[in-house]
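Think of it as A, B, C and D in the order they're written, each chain with its own count starting at 1.
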Amino acid sequence: MRDYKTSYKILKSSLEEKGVNVSKVEKKLKALKIETPSWGYSDSGTRFAIFKQKGAAKNVKEKIQDAAEVHKVTGICPSIALHIPWDVTDNWNALLEYSLSLGIKPGAINPNLFQDPDYKLGSLCNPDGKVRKKAINHVLECIDIAKALKSKDISLWLGDGTNYPGQDDMRERKHRLEDSLKEIYDNLQDDMRILIEYKFFEPAFYNTEIADWGMAYNLCMKLGNRAMVLVDLGHHALGTNIEQIVAYLLDEGKLGGFHFNNKKYADDDLTVGSINPYEFFLIFNELVSAEEDGIKADIAYMIDQCHNLKPKIEEMIQSVENIQKTYAKALIVDRKSLKKFQQDEDIIMAEKIITEAFETDITPLLFKVREEMGVPLDPLEFFRDSGYLEKIQIQR
Amino acid sequence: MRDYKTSYKILKSSLEEKGVNVSKVEKKLKALKIETPSWGYSDSGTRFAIFKQKGAAKNVKEKIQDAAEVHKVTGICPSIALHIPWDVTDNWNALLEYSLSLGIKPGAINPNLFQDPDYKLGSLCNPDGKVRKKAINHVLECIDIAKALKSKDISLWLGDGTNYPGQDDMRERKHRLEDSLKEIYDNLQDDMRILIEYKFFEPAFYNTEIADWGMAYNLCMKLGNRAMVLVDLGHHALGTNIEQIVAYLLDEGKLGGFHFNNKKYADDDLTVGSINPYEFFLIFNELVSAEEDGIKADIAYMIDQCHNLKPKIEEMIQSVENIQKTYAKALIVDRKSLKKFQQDEDIIMAEKIITEAFETDITPLLFKVREEMGVPLDPLEFFRDSGYLEKIQIQR
Amino acid sequence: MRDYKTSYKILKSSLEEKGVNVSKVEKKLKALKIETPSWGYSDSGTRFAIFKQKGAAKNVKEKIQDAAEVHKVTGICPSIALHIPWDVTDNWNALLEYSLSLGIKPGAINPNLFQDPDYKLGSLCNPDGKVRKKAINHVLECIDIAKALKSKDISLWLGDGTNYPGQDDMRERKHRLEDSLKEIYDNLQDDMRILIEYKFFEPAFYNTEIADWGMAYNLCMKLGNRAMVLVDLGHHALGTNIEQIVAYLLDEGKLGGFHFNNKKYADDDLTVGSINPYEFFLIFNELVSAEEDGIKADIAYMIDQCHNLKPKIEEMIQSVENIQKTYAKALIVDRKSLKKFQQDEDIIMAEKIITEAFETDITPLLFKVREEMGVPLDPLEFFRDSGYLEKIQIQR
Amino acid sequence: MRDYKTSYKILKSSLEEKGVNVSKVEKKLKALKIETPSWGYSDSGTRFAIFKQKGAAKNVKEKIQDAAEVHKVTGICPSIALHIPWDVTDNWNALLEYSLSLGIKPGAINPNLFQDPDYKLGSLCNPDGKVRKKAINHVLECIDIAKALKSKDISLWLGDGTNYPGQDDMRERKHRLEDSLKEIYDNLQDDMRILIEYKFFEPAFYNTEIADWGMAYNLCMKLGNRAMVLVDLGHHALGTNIEQIVAYLLDEGKLGGFHFNNKKYADDDLTVGSINPYEFFLIFNELVSAEEDGIKADIAYMIDQCHNLKPKIEEMIQSVENIQKTYAKALIVDRKSLKKFQQDEDIIMAEKIITEAFETDITPLLFKVREEMGVPLDPLEFFRDSGYLEKIQIQR
């Protein structure tokens, strides 16, 4: 497996035959940056049970250690998303230094607007103005934390919604949401962004305030340039064409980032690419296509999964590998032929251009890139052999 | 059943106890206008079979006759939506006169952008500029027809989409759509509107160009004030909270109309209110709530169903009755108490206000209104007894 | 509201006109028995948060007190389902006596096969034989508890499943399940039943071992007469025609019970009848229809909801009221006319028979029945006025 | 592309390293037989439009010619499914001879129980005994045709269902279905099978008589050994784990065949493997896994798609290639390691065994097999170059 040179040569020449600029592809692969979430390193579960894992990170420093380990074996995960108050510390400067000393930058700051008992009937949309104020203040506090950590993105997911018809006035909730966000937005630094996430349902079961991309998009339009839509791959109704939404937001200049994961049913938070890898490829295909068409976008690629059954750090590494592999496949699509077949209305051949890229065994190219980046060819295997897990299981 | 006076008295006094202004409710019920679709009077089916009905309307005049009959027995269906080219005639003035002579006004004009062989790969989004031009011209022709018929609404449903990944470029299709619609919009008369419909899927099975309310809304925002969103109740992913979308569009001033029907699975086009009457009530609840909060809206209430199994005219009458009944229930919601319970965060009582209105047997009030309008108390029974169906079965 | 006599007389005579035997309906309503779940009285939540309620029951005795209160105000909830180990006690005889002293019988015993860390990869289907044995033993212990409490039903819900393709062998898991259940079944007392629940997904997100009624049914067929299917209303794919499954199982003599609740999206565990009351009515319609056709069935009507936002006891009372109301509506369906219209292939009139029953305001009849049963006409209001909640909030 | 020898050598040695018996895999690939459907060669569409294709087969002989062409270029499609009455002829012997002369055997005979006006309210479940009799007789006629053509499978898909609550009695429809099928089953030849298909919905929109695998399975159990379940990949609720159902039916010895296609939303009838190729692979993975575990099954692999947009014959060839490719990938799964990792509860590595097979570029092996079978390496390209399409466009 490790002697990939022959396979690489065959792959390279077959790609070049199709007009793919392989060295450009490799360069882009090296430039990919994926942010891992602090909460992916600590225990999580379903409403039925949380199965604790030995060695799971218990505090923000341990989470950063784990993130650093993932970065070490993959080379493309230099930042960690933080969740407030789960990752709160009394000395943000010290935390920043600690983090940077491990080669990890703090990434998006995620306010928690769903767990406090006061948020039972909503946070930014709560019928009670005092609760709304509290929620706004929490986000403002997160902005301050972001400043302290030199983070640029506030990543906002809102569980707000209702469980029963009549429970609250949907138009009033919409107004409260708009007002609350306005106040938050006005407090952003000039170089900061707020990424607004939408979700089909859960934890609210009748209506959710930001239920789809349209509601998130419209909020962003009203707020301004620094409000962007965040797409979580598990937050759509079954059947939704997510890649179309991605293409749409790219075209409108309003795609701010992703929460990567995968689902079969609802917001299952499984390993990205594990249930429908072709759909994930088609999403990256739109990202690459837009970029090649000259659309400038600043997209935060973030993982947001629940590692309930698989070992947490291993699942994170597996996820990063899936993303990298999928991006690579999207990069080798023969776009010139694709365009031609589309213009010729030759559906079968146009589709074939897409599937051929997806079906290409891209491993040799990934090996090449990893070797040149000085990271292990097989990050997961390397991690397993490294003894890191055993070490933290003893230490923690 | 016909001696409804006692029941009416009990109902009225119980409603007035709750602060409902019954005479205002009755006035509003009399003012309700529902447009029936010409294509609902002619044979339709699934892709598996079309079961022809004896006497089904074969041309636009027969469709208008049937619509007039529905208006006659219900009193609230004074207009008919037309579909071009199905309802094409060589003398629009004569048709207008004929229609008016039967007490029916031509309503929304519906272009057909899905049936011509040229539209196989799309109409307004077709990769071929000549086909797009043809599609645009067809809509412009519909605008001319609307002028001739003094209709004010162009009701645009687009089947455009693709069946396979790679088949076409989704961003380019979006641009073509925006360009085509711009050209159409610029040709609208000042007092005309274009109602833009969205649909989750079908007949396209991979992506649909206007797939959800967000895409329709955004198109309307770009076009201008006379472009409004049309909500078809069968065009959403399963589980979608339609009443929230309705409330949202009302709040944004962008709700232009409805295509009423009901679904259990996909775009089943069943009788409105037949599968989930509570959901339908909740939709009307938002309409009434918005109106009582002072939101001005000009909403075209249109039926769009496939009467595959039930007798066509009877199903239309049944649908109109369902709409009227549901509107009546929404009108008697005790909004003052509702607001109070919402503010008190008393979910159970707030919900109860809603369900009590829904569960009210509103029939006596409908009888009263019908009697005062001079239409039969039981429109369906009246129609059955009228001999109209037997007559057209012989004539046609 | 309380002077319902006039309304009752009108309702009664209109029902009798349709051939409904009102006194038989009232008798049946008095005979309805609904079991409430012990876990519905204690704190619950989503995976995101558990919002604690003041006074929520903390142990089995408090749960039984609450259940007794619900029975007191409704008159139709004489038993409580227990969950092991949540409701475990060291003296089952004492618990039985305590329960009976409050007028409450222990009902179905629910083993917990999802929470123990050993069950991370499954219980009865776990790859590890020792874990399977542990799970079997837990159910056998539940059978012993049932014996001690004179309960007759073991209600089995299994979270078993996998999260990822390849995680385990689905056929082997099926075999393990069949073997485990065989061992359990062989240990049932002759007058005991095991009710087997199915669920579309959650907490497993790739496959669930008993994913649909067909898998539960087939298990029951292999086990024997005392294994019956339990239908939880929230455990189906969106769109599933649940009433057809109910009719099917009734026809096969394999419907053992219900877990009542309602959903809009997934297993939302909302108040029964709160999202789609018509669907709930259609389910009861099949139950009544089967009974009137002479199908004998011993069906355990149980509530299984998560009272996350509404006050727990109040939501339970509301749920019981919804069930009673819906049953009443199903009882007044004019089945003779229905049959006739079905035979005449008169879809509209057949449907109308169904909707007329659903739309009937049945409240006066419920008042009559409650008065004769010596329970409050408005159970919820009575409970609110009773001071029970304030009392337990202080005591507990 | 055609000089695949080096790639083949690398692939072979890497597979053999994993313990895959490559020559056995190749043998199995050569033995694969896929049946193409006569109706896939003639014009089809959605309820909105049928876009005619030049040269599309107009009668059964032309359909057989096209099927023969597909077999010629793929080598693995030696039979054609027929649809009665669409493919009816007055001389079945002559048709059989004609078919065999082109190297094609008649395959499954498909009765049409959905198109005749008499079937408006159902066929085998129709309330009218005369219509049921007519439907039964139609299937008996199909059995006679099967005898004449030496076909062994009757493939039964039933559109029967209702559109509205109350329309008909669901238990009675179930009884009628069971009775009708009993009569049909009793008329099967001893060496014939009836394959019973289920479908979630469409063309019925409220209930469908055979709505899921459980209903089809239970019917088959009641009928006897020669009744088997047919799985159409487009006939499930969204999210359904189809591979689990396949594994289940294999384990029960009741899987009789497939209708291959793919869907994103409902019964979209797209090219098999085009929307979710991983799911399709997981289905084949269960088939191969069962076979390797010694489960004997006689499974009819049939394509059932609507070639609405793509050229019909080309889409058929593409579909056959997709099936062959997917089967090949399932055959190279390293089952020994898979079992080991499953026993070790190493989810990540077990999953990796599965994904590695899926991600393998299997093309060189397919080239090898095709070369040895004497068919073109690239069937689609060969067909395009062959001039067949141009020929029939002129001739027909």
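The rule we apply is simple: a contact is a pair of C-beta atoms (placed from the backbone, for glycine too) under 8 Å apart; a residue touches a chain by one contact, two chains touch by 3 or more.
Predicted, not measured: the structure shown is a model, and the values here were computed from it.
**Student:** If we look at chain A and chain B, which chains touch each of them?
**Tutor:** For chain A paired with chain B, the chains in contact with each are C, D, in label order.
**Student:** Pick the pair with more C-beta contacts: A-C or B-C?
**Tutor:** More C-beta contacts join the chains of A-C.
**Student:** Where the CA atoms of chain B average out and where those of chain C average out, how many Å apart are those spots?
**Tutor:** 38
**Student:** Residue numbers in chain A touching 2 or more other chains?
**Tutor:** Within chain A, residues 121, 163-165, 167, 200-201, 206, 238-239, 241, 264-265, 274-275, 278, 309-310, 347, 351, 355 contact more than one other chain.
**Student:** Touching chain D in the complex: which residues of chain A?
**Tutor:** Chain A reaches chain D through residues 1, 6-7, 10, 14, 238-239, 241, 264-265, 274-279, 309-311, 314-315, 318, 347-348, 351, 355, 358-361, 380.
**Student:** Give every residue of chain A touching chain B within the complex, in rising order.
**Tutor:** Those in contact with chain B are residues 121, 127-128, 163-171, 174-175, 200-201, 206-208, 211-215, 217-218, 237-241, 243-244, 247-248, 250-252, 278, 282, 285-286, 289-290, 293, 338-339, 341-343, 345, 347, 350-355.
**Student:** Applying the document's contact rule, which stretches of chain C touch chain A when the two form their complex?
**Tutor:** Spelled out, the residues of chain C in touch with chain A are 45-49, 51-52, 114-115, 117, 119-121, 159, 163-165, 167, 200-203, 205-206, 238, 263-266, 268, 270-271, 274-275, 308-310.
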